[in-house]
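Below are two complexes that have subunit A in common, paired first with subunit B and then with subunit C.
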Partner chain A sequence: MVSNLIGGNSSASKYIVVIGCGRLGSLLAGRLSAEGNSVVVIDQKESAFENLSSEFSGFQIVGDASEMATLKKAKLDKADCLLVVTREDNVNLMVAQIGRIFFETPVVLARVFDPAREAIYREFDIDTISPTQLSADSFMQKLNTHQVSTSAPTEGVA
Partner chain B sequence: MRIILVGSDKLTYFLGRRFTSKGDYLTIITPEEEAAVDLSRRLKATVIAGDGSDPTVLQEAGAYQADVLLALTDRDQDNLIACQIAQDRYGVPQTVAIVNDPDNKAIFEELGVSVAFSATEIIGSMIEQQTASEEIRNLVPVAGSGVTMTEVVLGPNSPAIGRAIKDLDLQGAVVACVVRRGRVLIAKRRSYLHEADRLLVISEDDQYGQAQKVLTGEGA
Partner chain C sequence: MRYRSFLHQRYQAVFGYAGLIFMIAGLAILSPLLALLAYPEEANLAWGFLLPGLGLSIIGGLLWKGLAPKEGVTLSLQEGSVIVVMAWLAAVLFGTVPFLLIGGLNFTQAMFESTSGWTTTGLSVVDVTQTSQLILLYRSIMELFGGAGLAIITLSAIAGPIGASLSSAEGRSEQIAPNVQRSAKLVLIIYSGLCAVGTVALRLSGVGWFDAINHSFAALSTGGFSTRTDSIGYWDSPYVEAVTIVLMLFGGLNFVTIYLLLTGEIKSVIRNGQVRLQAVLIPITAVIIFFSTAVLGLYPTMGKTVRVALFESITALTTTGFSTVGYGDWNSLPWLMMIVLMLIGGGAGSTAGGIKQLRVYILYRTLLAEAKRMIMPRGAIQETEIWQGDQRRFLPAADIRPVALFVFLYLIAFFIGTAIMAGHGYPLQECLFEYASTLGTVGLSIGITGADAPVGVLWTQIVGMFLGRLEFFTVFVGVSCFLRDMRSLTQKQAVAKTTVKARQPSS
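Coming up: the complex of A and B.
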């Protein structure tokens, strides 16, 4: 989904800033880096960079992304894409808006756990992904197919 | 006025006390249960334990009816989101956020917060004003040279008022320039001094006391 948004594998290398190097951030940074993009990943804790796979060949910056100075250091004004995936919704929403309005980053995606907050910020022209919403949807989907198959008569079961 | 205050520290308590004593209708949102109980005992306010940037908590706090929301936590991101949700979702007309990083002041106002203020900046400028209102301000001790640059304001009792610089008994000290009503004048020997003039004085350290006495009438 992300690679589609930024032009896919076939296009030229992009400059991508990933904020938050937890499980999701490190995974995204590793994959985008392996696809040949130039990736900078920011986290407050240096130890977070241990999550990065060996595929990752980009840059790491230790810093607080809610500080303008950190974003400038990451040269966000030059970025094609900003992915904000710290574990704090409010940091993600704030940084996404700063990226969009002050650095005019063409593609900004933020993770927001709280579906209520996500709905509000979708109106702000901020592209958000809510893992809570996505999991709920998948659960419902699986549950529905499960119910369909169990309600159908099955052989060999008494 | 209906006010929602989001915060947790002493600032929240004292501001809350001020608002309630003026008869404002106050609701406080504070994250810790224990602090919430404590605040509700001490203030005539509705206190809710919760996250002030959570839409449901804001609604519970009566955001639809609120006239103003103040976000005073020590986390800038929480203050921004609380203000934005209050404004856009619940139509709170006036939002105020404290910013801890002074860089965020302009950013927050651009992002829709009615007023953002930086405590760092306010305290800094207060201290500057405070020192500026004194008659004398030590500007720069010129390192290692035994010379000090000082700013002196001529108060109403200054013996130097109405006298020319050449007539002042300044030894080892010179008046470099005079600031009068915001304009910088090069000090000449024949320049007459007025009340409220600000003088930039360069003096040898051991002559500093004497120069101070000549210009302000006080000191050694």
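Coming up: the complex of A and C.
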């Protein structure tokens, strides 16, 4: 479902709330907006919205996403999808939980840096993406292919 | 070289999207032909619309099919400005053709009428008693499309990424929905819904179908072309005036505010600065007009005087330009009030023109804040807040600068235009009134504008209406970017050619 939402070319426009407009948040918001979705971005600092590309044509809300008023202003109760990508794990967990339990948002995705916390998120039925885990995985993968390719010629000589 | 190929690619997209707007403008020029169903006797005039309409549609269609990128391109604000200016110029130019071919106007007059139509001004050099129904309807349709904005209509027709640059370039940066295309569609739905309701309401208040359609289009687009010489005054009916007032007020309201009003969020509407400003300006002006015309005893009854006072204040502030009476016999104070209202104009993000209430409101709030800052201790911190849509915004200094500059530029243009008119020998009072009406795309006239006006005056007004509708900066940015890029495209080409030539003999 998630891959269909983000990667697929589904023509139905979705209402998506993105929390945190840093490097990742702005990139996501721009791409989702370019695909024709209705996108609302929330960040505490107005200067963060300078990260957004010109593809973005949604709304920007300055506010603390851990406050109910801000989430209500973003009409989270009507959202199809909530992406929580601030740089604070604890904020992410809290906002994702509010979205999941209080606003009953169908799809909640959160970024979590600490792989150890992923288990907690799973308990709350929140999909997570851990950059730390992902980089570790790709490091291992690159390392393995390197080992194979560097070890291959020596084997050939022997 | 790389920059050139980049520019080449960008301009392919620019011309492609401009083509789509051309196509829609072409369809707009063709659409009066629908009236042939009701007036088959005017079929011999159809060629006057077919020629420019089909021409512009075909050119646009070819550009769109040939050049527009398949996967969609996000445009920058500068490219959006280039497209918007190009599309509006094309619409105005092709829009003159019906007036030239079947309207019996010369080029300057046709240019004036076409600009006045697309920019929703409503100043006219056409004699409405002599002209055909097709031309009358054509004028209203130009206002209808120009009021919604050509780019907005186009945006709602495109699927795929394009960004918010087109609508911002046309002066509609505020959106209803968090997605440009959806927002554009909502605007069009609201707009056409109001037009339909307006037509029926006018019909019910005793206006014929043809006049009802025309006046509904012209009122909501805050255009003001009328099918009668005496405008709304022809009917002299309180019902017609009441319906028209409501339609004009909707026309002068920001689309976001209308959306909030229709969805029942009255609280956000009341908090809106533009609504508040309007709620102060209209009664004050109406009272002033009431007393100064009552003192002179211009109108037979008290009721008529009240109606005139209300109607004229609203037509000026919403920049519509319908009128129920002439202003020749008014004294100076109500004239001044009308000029001030025309300069201020309607809401930002509405179909109206003028400086826009939002800008005036922002400057007013800034003035208050600045005055307070001078009184308060040096270290005190305060922020100016305004309500826009259903959101509270704080005004940083960076937001105030473009607003102040715009107002300054507007007043300079107002001064220059008035000076040129005064130079043609008209009294100052009339020049001020007429040029405020031109620049604010209002359309009220005290008689300078007409088929017999000097060519210099008409062209000054044409430029004023165009700049006023596209809010100066878009025109400046669009034209200067286009010239700069065209120069670097052609210059580089020349350089490339000379280097090739220089190399040839040596080899």
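Convention: the second predicted complex is superposed on the first by the 145 of 158 C-alpha atoms of A that agree within 3 Å, B and C clash if a C-alpha of one lies under 4 Å from a C-alpha of the other, contacts with A are read in each partner's own complex, and residues count from 1 in each chain.
Just so we're on the same page, contacts are C-beta pairs under 8 Å (C-beta built on N, C-alpha and C of every residue); 3 or more make two chains touch, one makes a residue touch a chain.
In this text, all values refer to a predicted model and were calculated from it rather than measured experimentally.
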Partners on subunit A (subunit B, subunit C) - clash or fit: fit
Partner chain in contact with A:140 - subunit B first, subunit C second, else both or neither: neither
Subunit B versus subunit C as contact partner of A:116, first or second or both or neither: first
First, second, both or neither for A:33, with subunit B first and subunit C second: second
First (subunit B), second (subunit C), both or neither touched by A:59: second
Lowest C-alpha to C-alpha distance for subunit C against subunit B (Å): 20
Intersection of subunit A interface sets (partners subunit B, subunit C): none
Complex contact set, residues of subunit B against subunit A: 53-56, 75-78, 80-81, 84-85, 88-89, 101, 103-104, 107, 110-111
Subunit A residues touching subunit C - in the complex, by the definition given at the top: 11, 13, 15, 33-40, 46, 53-59, 61, 73
Residues on subunit A engaged by subunit B in the complex (per definition of touch): 66-69, 88-91, 93-94, 97-98, 101-102, 114, 116-117, 120, 123-124
Complex contacts: residues of subunit C adjacent to subunit A: 72, 74-77, 159-161, 163-165, 175, 177-182, 390-391, 396
